[in-house]
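Pasting the structures here.
In what follows, chain A forms one complex with chain B and a second complex with chain C.
Moving on to the complex of A and B:
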């Protein structure tokens, strides 16, 4: 075995791994776009105690928070082909389920788990906004939709931002498990490169640095956002 | 005609898989317990760093937490698994035949310590400084003040986060199979390989059930603990 680090490989692989960043970001951003409104709406069902849906939402959140994400990936990744195959066979659709781009699986899985995490984030944030805010909005003639759009959501977002940041960072980190469905993101790219010359330490150092930069950037963006939105913070909070 | 779902998915197999998986829960729990103990200890040291008046120690404590928070578990796990033996090699120490459990414990200790340092720090800082001053003013030694006055109050505040941290480390630990560690997830993957990939979904569902039940149990346990320990808190507030 060679002594020390292979610096040439370290630098080359850095760029190989970096080429996966577009997939990582795509999965992260699309999952957030799906999960933000869905999480908010489901959080509303819990706050307003809407019978059946709130119970389902509760179990859903409990499942996602109670099981490792890798096992959620295993379950969804092995059940979707079965369901699709049954569906395709029934309707005689000639499509090869094993040719589906893994990015679709990744989007489904990460939207699924992020939505559940955001339900909790929004639920606790909604709980901090006083009921009088809504009543005051009604009393000046706003509709429920207007009240939420103009009065409530801003306040909820300010409170939720730190947790949103944590969820986003965790989501980016979770996409590193995309290797389990052969998604060519940062980790898999580095892994493949490392397999050729057994330069594992170099490859993992590379992705370590990439995730560090990526997550610190996200944290910085959220800090800036928080400052911008802080005007919506309640005076007594 | 038998539909494809029925042919490939056999719900009763979940119950057949559970008894083969459950004995391996011991491995998972054993490794997690050591991780929690050593991680809490390291977390305590990091908290002392963070709260110290020394700027360098502050930077180390906070920098460590940021770095760990930004590193996916799988990356940390592989860095430890490949990096430590390589580093040891530089000093002519051969670690090639070491038990993989050691690497699992080191990885998740590093991670749990970062979580704990934040849990302990926020709990400690939530206690009013006047509590310590009052304790010292009635003649307690600084150690007694910390042990008898600060610690019990900080503990109640830290408990829910401590519980969440344990659940988190248990779940991240599910990745240990990637370096060939045979815990409950490793066993599940072995079973699937032996089945030539049949019944994978059922085995994974069985795994999910075990983890889910475990998380709920830990949650319940900590909310019970919290209730028990908050009893003292209430009397403090009323007096």
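Moving on to the complex of A and C:
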């Protein structure tokens, strides 16, 4: 450190790390696309006390919340290849499991954990929408599906938005753990670059800045969204 | 037009309705009176399937249905003919006054948007809210919200409107505006109404039939004069004594 920061490396690595943003965003967005409807439906089973399924959802949430994501990554990343291998061997499928792109594992793990978090987000949000809203929808001739699509989900989303924002930002940050399974996202790209000349401080500074900008942008987008969607609530304020 | 027979409903073994019969003709304004807990609200909710009756039949024009075993399709068909006005208004909080009225027209009745908006505005004009098309429920007073609730029901052009204590949640000074809107709709449009209310003056001036319910059964029914002035049953007399104030009645 005596010679100070290597600015050239700092700037070069910034762009190397930035090239991982597409993987980071891909994992984040696909996980959300899977987790949003799934989390909502499972939250509904909790609210409506659907036997068996609600219990499974409950246990699922405890499992995901009770374990660090890095451990979930280790378990899935090491066990799925073994299971697949046994499966492939049994049915004589010629496929090298070690050539599977780690992005598939990342998508499974992050969809899986985000769904659990969203079950809880939606469960609390659903609790704030009174059942009278549903009754009113029925009374004007809407079906249950129409009532949810037009009335309930819109109200639930507004209540859930702050927590959805938190979940999304946490998800973006959690994808940095993808480096543990060689997922070429922001963190891994920077680390690989740093390995060559031991310029770790510069590399870490780069990813620090990238995550900060990325998360602040996401927070801003959510804030705008919240303002637009909740205008019916602040009409008087 | 609407006939219901032998409706039973219990909540947790607590019998609320113990065999209620009711028949309503087109153009009728029927008021149901009765002490709280007598099953008036539950009766309305069973007619519209917001509660599932344990037993009972309904015939609605040419639709006949078992209130307990009705299928989704039958329920949907009946709800298309009935509108409901709630005690707590139950406006869609995320929609404007006009959207509240048009929602059921566009989505429920599949009426083209442009036509629905015209009908929605007419309904809101009728209840005196021409200035409030784009107001959200939170921006409206209780009386205004309930008038939107009534416009929402009227716009559907239903065969009958069920009113579940439409003024009970209102501040006393707002009761009059809602009752007079209801009166106007009954008198001018000839809308068929089944109204649960504690407003004796409304029963007296607007209803053509009054039903007195107590403890899950219809105790007595007849013209407003028969029930309010010359009641025969002991329970009706006792109830009226308690609710009719001697010196003051709302003027509508």
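Basically, the second predicted complex is superposed on the first by the 229 of 237 C-alpha atoms of A that agree within 3 Å, B and C clash if a C-alpha of one lies under 4 Å from a C-alpha of the other, contacts with A are read in each partner's own complex, and residues count from 1 in each chain.
Assume contacts are C-beta pairs under 8 Å (C-beta built on N, C-alpha and C of every residue); 3 or more make two chains touch, one makes a residue touch a chain.
This structure is a prediction, so every number in the text was calculated from the model and none was measured.
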item	value
Chain C versus chain B on the shared chain A, clash or fit after superposition	fit
Spatial angle chain C-chain A-chain B, Cα centroids [nearest 10 degrees]	100
Partner chain(s) touched by A:232 [first = chain B, second = chain C, both, neither]	second
Dominant toucher of chain A (residue count), chain B or chain C	B
Touching partner for A:142 - first (chain B), second (chain C), both, neither	second
Contacts of A:133 with chain B and chain C, given as first, second, both or neither	second
Which of chain B and chain C A:154 touches, first, second, both or neither	second
First, second, both or neither for A:31, with chain B first and chain C second	neither
Smallest distance from any CA atom of chain C to any CA atom of chain B, in Å, after fitting	24
Doubly contacted residues of chain A, that is, touched by chain B and again by chain C	none
For the chain C and chain A complex, residues of the former touching the latter	48-50, 76, 79-80, 82-84, 86, 88, 90-96, 103-104, 107-109, 135-139, 152-153, 156
List of chain B residues in touch with chain A within their complex	3-5, 8-9, 66-67, 69-76, 78-79, 82-83, 86, 89-90, 167, 171-172, 174-175, 185, 200-201, 204-205, 207-208, 211-212, 214-216
In the complex with chain C, residue positions of chain A that touch it	132-133, 135-143, 146, 150-151, 154-155, 158, 231-233, 235-236
Interface residues, chain A side, partner chain B - complex	1, 3-4, 62-63, 65-72, 74-75, 78-79, 82-83, 85-86, 89-90, 169, 173-174, 176-177, 179, 187, 200-201, 204-205, 207-208, 211-212, 214-216, 219
